[in-house]
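Take a look at these structures.
In the two complexes that follow, chain A is the common piece, with chain B as its partner first and chain C second.
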Partner chain A sequence: MRIECQHRDEHSCRFVLSGALPSFANSVRRAMAAEVPKLAIDSVGIYDNTSGLYDEMLAHRLGLVPLRTEEGTYVPIRECTCEGQGCDRCTVSYTLSVEGPGMVWSRDLIPNDPEAAPASGDIPIVKLEKGQKVVIEARAILSTGKEHAKWQPTTVCGYKNYPRVSIDAHCDGCGACVDACPRRVLHLVGRKVEVDGERLEDCSLCRLCDKACLATGIGENSAILVGSEPDRFIFTVESDGAIPAPEILRQSISIIRARGEELSRALSEIAEG
Partner chain B sequence: MAASYKCARCKQRVEIDVNVRCPFCGHRILFKERGAGIKELKAQ
Partner chain C sequence: MIPVRCFTCGKVVSSFWEEFKRRRDAGEDPKTILDDLGLFRYCCRRMLLSHKEIIDVTNPYQ
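Up next, the complex of A and B:
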């Protein structure tokens, strides 16, 4: 099994996973979306709210603000020694106190731990008119996307099979397929159609080229063969800013490994009787 | 305990006994005041 990284920065990551089963590719995707823990606001104490939004709506909007999460800094509240009371090891507190007129931004959330500040300060929460006021205390905890989507560290997280496009020898080079392809994967070289190696990964397997070729009256079989490699996957992962995208991948792999080790230990215990 | 209201016109504090009417200015639109406690909510 191999992972080739094609692009990576803090916000997004694109890589090719090869030599893996579709079930493994899917488990990587699911682990990235639903198993990697991150911080999100879970409970909100509202002291004052004279804004146009209901308290519940305001609390919901605060819950969706991505908060920077450093791995290992906090523990899930269920595993904490405070037994769900909320302490410095499992909970981050935020205060928000803004008076109108003006917009309340996510940067107005003041954390007790500066490392756990909102990933972006430019998220609008509520607009206040003159004399309106919002005074809130919020508590964030660590959890996973399995519990609620606000704990999902990824925004985009998906994969597709690696495309395989080949041109058959009976191609007459009419160029109908080149015009039909919306992703411009094919191009004409003289009187010959060729696959553009750099753009092959953009192919969405729509088969419009295949249909265009058959429509020219070439015969029973199209001159273009469009398929995909069953054991090679192109992944695209985008982070909401809480955890860098390559870090999400790294953490998801260690989660899968830990799960595998746990399963193998359980199985060997059963085998030993 | 009777809830506290505020008159929409004269902004005086009003308590409703029989009629929904401000005893100071006679206005009939009253706003319910927010309670003094902290409202605890789940953010979801």
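Up next, the complex of A and C:
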């Protein structure tokens, strides 16, 4: 199994996974979206809210603010030694106190741990008029996307099979397929259609080229064969800012590995017992 | 208030709202602004395009 990274930065990551079963590719996708833990605000205490939004609405907006999460700094509250009370190891507390006029921004959320500050400070929470006031205390805990989408570290997270497009010898070079392709994967070289190597990965397997070729009356079979490689996948992962995208991939792999080891241990115990 | 995230994909879109509004009101084509801001999916684009701010209308009635 191989992973080739094509594009990698803080926010997004694009890579090709080859030599893997479709089930494994899907488990990587699911692990990235639903198993990698991150911090999110899950309980809010409202001391004063004379703003235009209801308390529930404010709490909802605060919950969606992505918070920077460093792996291993916090433990899930259920596994913590404080037994769900909430302590420094499992919770981060925030205070927000703003008086109008003006906008309440996510940067006004003051954490007790500066490492767990909001990933973006420019998220507007609520607009206040003169005399309006918001005083809030919030608590963030570590959890996973399985529980609620606000704990999902990824936004876009998906894969497709690696496309395989080949031109048959009986192509007459009419160029109908070139015009039909919405992703511009094909191009004409002289009187011959060729696949643009750089754009092949953009192919969405829509087969419009296939249909266009048949429509020209070329015969029973189209001159273009569109298929996909069953064991190669192009992944696209985008982070919401809480955890860098390559880091999400790394963590998801170690989660899958830990799960696999747990399964094989359990199986060998059954076999021995 | 502008929703914090895109309803469909979950990308944080609210942080772009102020800039989008300022530039749109200055007469710039929304297409160029959205491209500039890096909102290339149509789910995120509609969040800003179709948003109507009513907080200033409701605020006096608190």
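Please note the rule applied: the second predicted complex is superposed on the first by the 273 of 273 C-alpha atoms of A that agree within 3 Å, B and C clash if a C-alpha of one lies under 4 Å from a C-alpha of the other, contacts with A are read in each partner's own complex, and residues count from 1 in each chain.
By definition in this document, a residue touches a chain if its C-beta (ideal position, glycine included) is under 8 Å from a C-beta of that chain, and two chains touch if they have at least 3 such contacts.
Please read these numbers as outputs of a predicted model, since none were measured by experiment.
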Chain B versus chain C as contact partner of A:Val92, first or second or both or neither:
neither
Using the touch definition from the top, say if A:Ile224 reaches chain B (first), chain C (second), both or neither.
neither
Chain B versus chain C as contact partner of A:Gly52, first or second or both or neither:
second
Who does A:Asp122 touch here: chain B (first), chain C (second), both, or neither?
second
With both complexes superposed on chain A, which partner does A:Val156 reach: first (chain B), second (chain C), both or neither?
second
Touching A:Val178, do we find chain B (first), chain C (second), both, or neither?
neither
Give me the intersection of chain A's contacts with chain B and its contacts with chain C, in residue numbers.
50
Name, in rising order, each residue of chain A that touches chain B in their complex.
40-50, 55-56, 59-60, 62-63, 137-138, 148, 150
Within their complex, chain B touches chain A through residues 34, 38-44
For the chain C and chain A complex, residues of the former touching the latter
1-2, 4-6, 9-12, 14-15, 17-18, 41, 55-56, 58-60, 62
Residue ranges of chain A touching chain C (in the complex, touch as defined):
50-53, 61, 64-66, 119-120, 122-127, 129, 132, 149, 152, 154-156, 238, 240-241
